[in-house]
Amino acid sequence: MTPEELHELAQAHLEADKKLSHCLFVCGAAACLAARSDAVIEAFQAAVKARGLEESVAVKNAGCMGLCALGPLVRVEPAGVLYQQVTPEDAGAILDGLGGPPVERLVCPTDVPFYQRQFNIVLENSGHIDSESLDDYVARGGYAALAKALTAMTPGQVVDEVTTSGLRGRGGGGYRTGLKWSTVAKAPGQKKYVICNADEGDPGAFMDRSVLESDPHRVLEGMAIAAYAVGANEGYIYVRAEYPLAIKRLADAIRKAQRAGVLGNAIMGTTFSFQVDLRLGAGAFVCGEETALISSIEGKRGTPRPRPPYPAEFGLWGRPTLINNVETFANVPAIVRNGGHWFASIGTEKSAGTKVFALAGRVVNTGLIEVPMGITLREIIYDIGGGIPEGRKFKAVQTGGPSGGCIPQQYLDMPVDYESLAQVGSIMGSGGMIVMDETSCMVDVARFFMDFCRTESCGRCVPCRVGTTHMHTLLTRITDGSATLDDLALLEELCEMVKQTSLCGLGQTAPNPVISTLRYFRDEYLAHIVEKRCPAGVCRMTRAPKEVAV
Amino acid sequence: MTTAVAAVSPPTDDKRWKMVETTMRKHGHQPNALIETLHKVQELFGFLDDDALRYVARMLRVPLSKVYGVATFYHYFTLKPQGEHTCVVCMGTACYIKGAATILEAIEDAFGIAPGQTTPDGKLSLLTARCLGSCGIAPALTIDGRMNAKGDPSAVVESLRKVIAT
Amino acid sequence: MTPVPIPAGRVKTLKIDGRDVSGYENQTILEIARENNIHIPTLCNLEGLDDIGACRLCLVEIKGLARLLPACVTRVQEGMEVLTDTERLRRHRRMVIELLLSERNHVCAVCVSNGHCELQSLAQTLGVNHVHVPYRYPRMAVDATHGRFGVDHNRCILCTRCVRVCDQIEGAHTWDVAGRGVEAMIISDLKQDWGASATCTSCGKCVQVCPTGALFVKGKAVGEMTKQREFLPYLTLMREGEK
Amino acid sequence: MSDTPRMPARIRMGTIWLEGCSGCHMSFLDMDERLIDLADKIEIVFSPYVDAKAIPDNVDVFLVEGGIGSDHDMEVIREIRRKTRVLVAFGDCAVTANVPSMRNGLDVGAVLRYGYEETGQPIQPQIPTQGIPALLPQVLPVHEVVPVDVYMPGCPPSADLIHFVVGEVLEGRLPGRGVRARFG
């Protein structure tokens, strides 16, 4: 398919859509699927057929529409009506009401902050296209950025555009994407690789899953543009085996893109070729670390190795390799299409663009959101998230997963950007945002993350392997009431040591949840240790000495 | 090298080994296809036994201890046969905050098994996941691959009983 | 092709602990330090085997860098100022030793390697006279099925010297690491009895490179197990010569 | 405990062995003629070497050999700590729990059954319970139960090391990391 044909296809598809009177987008992503949205789709299809509306009403299996807690969600276009908690039985009523006023009892208001405060780049297509349709993606401008890059830009210009955009790695570290690309582009060698890290490992994060399930072509396009920019012809998507739907949609998208000639050999009639293959992760958080991920793609144990040399010079099979995460790649088509300056104008000076967050925990509106950088935590939690349910009191918000920290009340008005989050002892991370109220015990939360880190430690370096185990033991002592103040001192000593001496990021950041909870909630630790009492009432304190037990 | 590969025959004449062989062939029997091949074996047979590991090792020319090292490094792989039905409880942060531990306890109590174990009658295997990526509907769990949203302990135990009875 | 161990490339000058030293650009800080009789403690490192930077004992401070770097895999750079023996490093090194001593069951008094053990001797030189982290006391196995050798997992510190020597020098790859985290352990073949291993050549190199009494020659009493490692740099050199 | 204790002219010393083999006490005696000099400076107020039955108050230095393996050890070590200014973990069993800790990965009941019922050919196999302290689930190093001031590793510590440590304590110094002795 040449760029011209691509354009024609988009036009034709738009024309065809115009012939329809209505289009129903049913969310088929994981959370809504759990609420049996597949049955809803079937019910709509049957109802359309029964009413003989096949020519005028289309039912599409669409991607995430954000409000996961209220699924299954159904969007009706062109009316723009959103329905929540739709059951198969509702299909008839919704169809019969098309053209007229919406079915009131099912309407999910979209003029609320949850939707109004968002700004969609990565999620611009989510819920607006059939996730399995290449045509739908193309009709909304898909692969136009790749066409522009291949026909109107040199690889160097593409790198410059990304550099201008100020895009930073969305996987957690916040490394400048443009700098990474130019390093790989400059690295000597004929053979280079592009890898998409889709091993979304943070417990409490599902941004990448949602993007892959809702808009898989977006990621493929981003990867192809990156490959062109750095001079690679082969790429891998390393995706979690626990995401079967994402795997299926990616595999399907790769096949369709190759058939359409927007991926594979001689893309869009140019001399540029780019082959993409999937590699399945197998349940190892540490494989989110670049060198471990490479080791895993090579079919080995996912143990990290010391850096330098960095993958940009010495990566997959020893070749220069570019690794970015799903959300980073998903930003690229929009940057190339609209220009780096456009992207840089969104967000803050040092943290450009938007960030997708998975909002979960003790908050009214749980789901997926995309907001401009620089928005405050309060706006996210109270305006978009609708606040804390059941009249409870906010205690902390956790960002960055097991490598991040818990941010207390006093920083709610802080802007969300890489630097501010780091300043208060957390990190941007990949986008998990877990809200906690007074029913959460911060020591228990720290113990939860340490349990995660010790089971996910690869076991190669001593501080991480044994240190996380001991820290978990000490935190368990605190939560069962048997700890002393010496144990607390030792815990702090281990935090410092493991942070400074571990081989890779997993170990170096494993103490963060403990450090941040100690920083803001030391009184909770002391209540457990000295008074043998859990203020939140979570810990059972079963080994507390009897004379002081409450 | 090809002769050595040709000399190896599958552990049994089960037709599924042909599909395993197809996966290996797709990757040119390269040692780096190890993880992909193990995924295939587990998908088809439900677990990885010594015979399977030995076969894959010979076919891909990977040392036995390396195959074993890989199979045990990744928690997605299991060396033990699973029960007829599988329940995976998500222990991700959002689910934990919303009481996943209580659900897990209820299942453990009701069926007398700990995570990683299978009931003596081979009906139910209980597993935990670090995150199912369904935090918006926490606490989440899957029963035979089907996602179950906003679980509550007694309801989950009830639906598990139903699944096992069928 | 230039053999890797032979120092090559440009000459770099740097400072280690305030002393002016120089080395080739493909040499590591550890190599240059050793050439200059500056002692940096190591455990997973062994001359003749690839370095993995895992034990973290050889971490050093580099002026202008917040991060500590492992001397065994960090190449020298012009103008580098390296500190190998600061109070911070001493503290971390003691903790590494304590972590290892607490991880499994190291009972020096009844060990074949008592008096010839690298872990024991490092504890002494680094001033670890007790362990203030909690002992784990895991239940570990002893495999005595091999005709000449034994492996006592209680004493294993997972340095993987045995895995590397078996793979890189002997070429048998009988050993590897199974599991992960604190559950990781050294296994032969499909975690079967060592004596039943189809791949083991009984060469004994793994036993000789093991820093503790985890791998030993059968029939040795307490303190009798001394290890011979001269073969390793020698073998490596011969092989490079043949390339 | 880090305060440097000021020692009287003749210090009151206790020694005890808990879960240990008495080897450290033998090594103490290996100081040979140096013991004569020490006798002028030390008064042994409680020890297997002397006849005291109860742990006296106001002990300046206590050398504790052995780990904490029974409920009786637990009581005794707490009493010693209460009555002692400088507590020395004397030898590997006290410092690391050493050989006695080799049962720590096993179940106590199983260890007792194996020892009293399953090995050898006992005539009337039974596990003694009366008048005997109950074993703890695990043998612990002394410092996991009470604070320790000086660690003296070794199995046993050499007479020279014991002489050095006792000498330091007599001078009112806590040697800390200055004790560079080998485990085992």
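Think of it as A, B, C and D in the order they're written, each chain with its own count starting at 1.
Here is the rule we go by: contacts are C-beta pairs under 8 Å (C-beta built on N, C-alpha and C of every residue); 3 or more make two chains touch, one makes a residue touch a chain.
All of these numbers come straight from a predicted model, not from anything done at the bench.
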Chain whose mean Cα position lies farthest from subunit A: D
Which of A-C and A-B has more C-beta pairs touching across its chains: A-B
Subunit A and subunit C: spacing of chain centres that average the CA atoms, whole Å: 39
Inter-centroid spacing, subunit B versus subunit A (mean Cα positions, whole Å): 24
Geometric centre distance via CA averages, subunit C-subunit B, whole Å: 35
Geometric centre distance via CA averages, subunit D-subunit B, whole Å: 51
Set of subunit B residues in contact with two or more other chains: 66, 69, 73
For subunit D, residues contacting two or more additional chains: none
Shared-contact residues (touching 2 or more other chains) in subunit A: 284, 301, 456, 458
Pairwise chain contacts under the document criterion: A-B, A-C, B-C, C-D
Footprint of subunit C on subunit B - complex, ascending: 50, 53-54, 63-69, 72-73
Subunit A - residues contacting subunit B, complex: 30-31, 33-35, 67-69, 71, 200-206, 209, 240-244, 279-285, 296-303, 358-362, 366-368, 398, 401, 432, 434, 436, 440, 445, 448-449, 452, 456, 458
Residue ranges of subunit C touching subunit A (in the complex, touch as defined): 52-56, 59, 68, 70, 73-74, 88, 91-92, 95-96, 99-100, 102-103, 132-134, 136, 157-158, 177, 179-184
Touching residues on subunit C, where the partner in the complex is subunit B: 167, 172-180, 187-191, 198-199
Residues on subunit A engaged by subunit C in the complex (per definition of touch): 284, 301, 305-306, 454-463, 465-470, 473-474, 490, 493-494, 497, 500-503
